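Okay, so chain A shows up in both of these, paired with chain B first and chain C after.
Let's turn to the complex of A and B:
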């Protein structure tokens, strides 16, 4: 007879570990199953960890978690082939408690986080793949792993098995992705000595910088690139939707190479040594792609529930919050000893009432609009660069005449009406 | 049948980096794992237990983090785990290590007599292969190295049949129990552990002993103090230069090879080779 737990959490990423931690802390008997060699070994993100949602799970985590640098500067680049228009914000208050966000290396951070869950009483097993949910009378009663004698039972199974959640597909919660619902992100960790990073990014000890790069970073395709500072390495990566990659016949690693050798970026990486190469799918379908998240004896959290806000590069924070909400629903269900869908729908209600689904709803059309009308990244970014160049070049032309010429150039490219239409469309998509 | 397997936590030398200044291993650059030969030793013990019944204990010496490899051994199928961990053990060479482990083995034997000790052939960080035979000598039991098969474990007669790997061929030895074996990787393949073992390992807390728990111990034989080995010099061997691949039909390849050999007569002279390994 297989052993039975209160909760089985499949996947020790931010969502699964948050859920396991919260359940274990309230005294539930929790099994956390990870397919990687250790938590974090298979997990990928650009590298920004948000303070707020993590703090709600482990207060003052920054005092002990393996973080890289607190981010004190965020830059946004509109990049063309040989130029960039940049804006950003740098504030020393972000370098002090309670901080805003941090850069992290997931292989280190996820291991630490999972250790916290184990300390709270969760049981963690690695290198074990969950093949399917065990279903009896329409209710999920456990999971089957790939190990001998591999069945194991639970009142609730929480699926935190990541973007391509085979388990929720097996249950019919998910359909196969469309290529415009997922982005493929490729990235590299490039080792570079600390003082070089501090010099190049104008930072001091324990200060970090993030740069989000739009435009030529994806050759005008729908997506973004990023360059983040760790303690002694940089994360550089680029992601575009699968559909635009297919349309533009782009290979992801070619795009990353293009980015690394781009004249605006190359000087930052000079002399660096590539330490790791990572690639991962990111669920970017947004609001409309969120599957059913609760069933009889089962909940879906994090990337598995497609909870990513692509516009604001938020994902791990949503994963953590959803994991915590799922845990709270499980704890209540346990008290009521009712693990039916209607009982577990507490989680769904909490999720839809939270910032997560509100933000996803706000941007529900954004990706679609930017995919359908590629001019935003393809045309407007170069246009902005030309305008800035013209405006800041001192050539004896009166500034008023320059402004007029810039406007004339812009409207001649898209047409006055076209431009107004573009602006309205973009505003509507993100309002 | 009580089998004790001695295991060691080692850095994964497949990916470890060498500090170019000191020529020592940069242990931070690689994760710590169960020495691969020791994993085969535990698996060998599991196979013997299947036939004879009994119990498998694993023993390690190392820092508190070495608990991880004891848990790994439980995953493979060991029943109990002991870790001896103390500042006094630090800096031990193979002589001091085999002394400390033999003291712990004596303590384990006082609780439950030991029929068989199994070690890996060598640890992948030191590659000496000395600790196993060192333990055997101290316990005054026969050491049998390079084992590739264990069969005919006879509990009543207290004998076992061992196949040893030789440079050419193999050797069959029947010996008395208790004895000590050091095993090659060929002895078995590590099986995918059943889920109940995984759960047991995740919950398992090994017994941890300090020097003071081991009874009568001569402290001058422990750790750095008890280690006469002095490392004179360490260096990174030069990287082999890439060769040339001959392609084409066999005849073409042979004639190409002959051309090279005729041209480069120096290649035919035996190169002075290092015997360090």
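Let's turn to the complex of A and C:
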């Protein structure tokens, strides 16, 4: 007879571990299964961990979690070939409790977080692939793993198996994702001495900076790049939708090398030592791509449910919150001893009532608009750079004449009407 | 030193290789006759796929398990599984 648990969680990323931790804390018998050698060994993230959602799971986690730096400055760059228009915010309040967000290295962070779940009573088994969900009479009753005698039973199986979620596809919760629903992202960790980082980014001890880079960072394709500070390294990465990558016949690592040697970026990396290179998909289909999230005896959380806000690079926080909400639904289902879809739909209701689905709903057209109308990244970023250059160059022309000329140049490129249309469309998509 | 090409990048990584490939190109004729650009050889971030004139060579040992080839192959011509538990790529940092 296979062993039986109250709940089996598949995948020890932020979504799965939050769920396992919350279930274990309330006394449920929890099995957390991870295919990697250790949690985090398969996981990739640019690096911004949001304080709010993490704190709701482990209060004051910053006192013990392996974090890199609290982020005190966030910059946004509209980058052209030899110039950049930059804006951002730096505030010392972000460097103090309760903080705003932190940079992290996931292989370190995920191991720590999974250890917290184990301390709370969950059983973690690594190096084990869940091959399929066991289904009986339309109900998920457990999982089949690649271990000998690998069947294990549970009242509820939570699928936290990430963007590739082969398991929810197996259950028919969604079809294979399309290339425009995922972003292929590559990054490097580049080691650099602490002093150099602090000097180059104008930081002091235990202060971090993030830069989001649009425009020439993706050669005008739909996507973004980032440069984040760790304690003694930088994370630099770039990604576009897989469909854009295919259309433009881009090799992702060539794009990364283009970014690393870009004249606006190169000085930050000078003298750095590459330590790791990583590739991963980000689910970016948004609201319309969210699959079914609850069934008889089963729930889907995190990236597996496409819960990522691509416009604001939020994913790990949505993963954590959805994992926690799933746990709360499981705990209630256990009290009622009812693991049917209608009982577990508590999770779906909570999810759709939360910031997660509200934010995804708000931005549901954004990616679509930017993919369909490539002029935003391809044309407007260079246009902004030319306008800024003109405006700030002191050449004796009165400012009023300059503004007129800038407007004239801008509207001549797309036409006044075309530009107004573009602005309206973009505003509607991201407002 | 900062890496300059994909060989140098892949060299930074740790892999615990399985003896059996978790990636299978189902029909090499489809690659030959229907996919002039051999797309997987372009977008795969680890240069796993190499077209050898008649068939596709699959260097599964260097795979990041990202899933792009499963989603991006226009002919669903790649059977994609996870490597055996504990095998495949082992990220140590991010």
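We adopt the following convention: the second predicted complex is superposed on the first by the 431 of 431 C-alpha atoms of A that agree within 3 Å, B and C clash if a C-alpha of one lies under 4 Å from a C-alpha of the other, contacts with A are read in each partner's own complex, and residues count from 1 in each chain.
By definition in this document, contacts are C-beta pairs under 8 Å (C-beta built on N, C-alpha and C of every residue); 3 or more make two chains touch, one makes a residue touch a chain.
Source: prediction; values computed, not measured.
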I'd like to know which partner A:128 touches here: chain B for first, chain C for second, both or neither. both
Output check: A:212 vs chain B and chain C. Expected answer is one of first, second, both, neither. What do you get? neither
A:3 contacts which: chain B (first), chain C (second), both, neither? first
The answer to whether chain B or chain C touches more of chain A is C
Contacts of A:187 with chain B and chain C, given as first, second, both or neither: second
Applying the document's definition of touch, where does A:148 land relative to chain B and chain C: first, second, both, or neither? first
First (chain B), second (chain C), both or neither touched by A:365: neither
Contact-wise, after the overlay, does A:36 reach chain B, chain C, both or neither (first, second, both, neither)? second
Could you look at A:284 and tell me whether it touches chain B, chain C, both or neither (first, second, both, neither)? neither
Where chain A meets both chain C and chain B, residue numbers: 128, 145-147
Within their complex, state which residues of chain A touch chain B. 3, 31, 38, 123-125, 128, 145-152
Using the touch rule from the top, collect the residues of chain B that touch chain A in their complex. 31, 192-196, 198-199, 201-203
Which stretch or stretches of chain C touch chain A in the complex? 1-6, 8-10, 12-13, 16, 37, 39, 42-43, 45-47, 64-68, 70-72, 76, 82-86, 88-94
Chain A - residues contacting chain C, complex: 35-37, 40-47, 105-108, 126-129, 145-147, 163-164, 166, 176-179, 182, 184, 186-190, 233, 235, 242, 245-246, 249-253, 257, 260, 269, 272-281
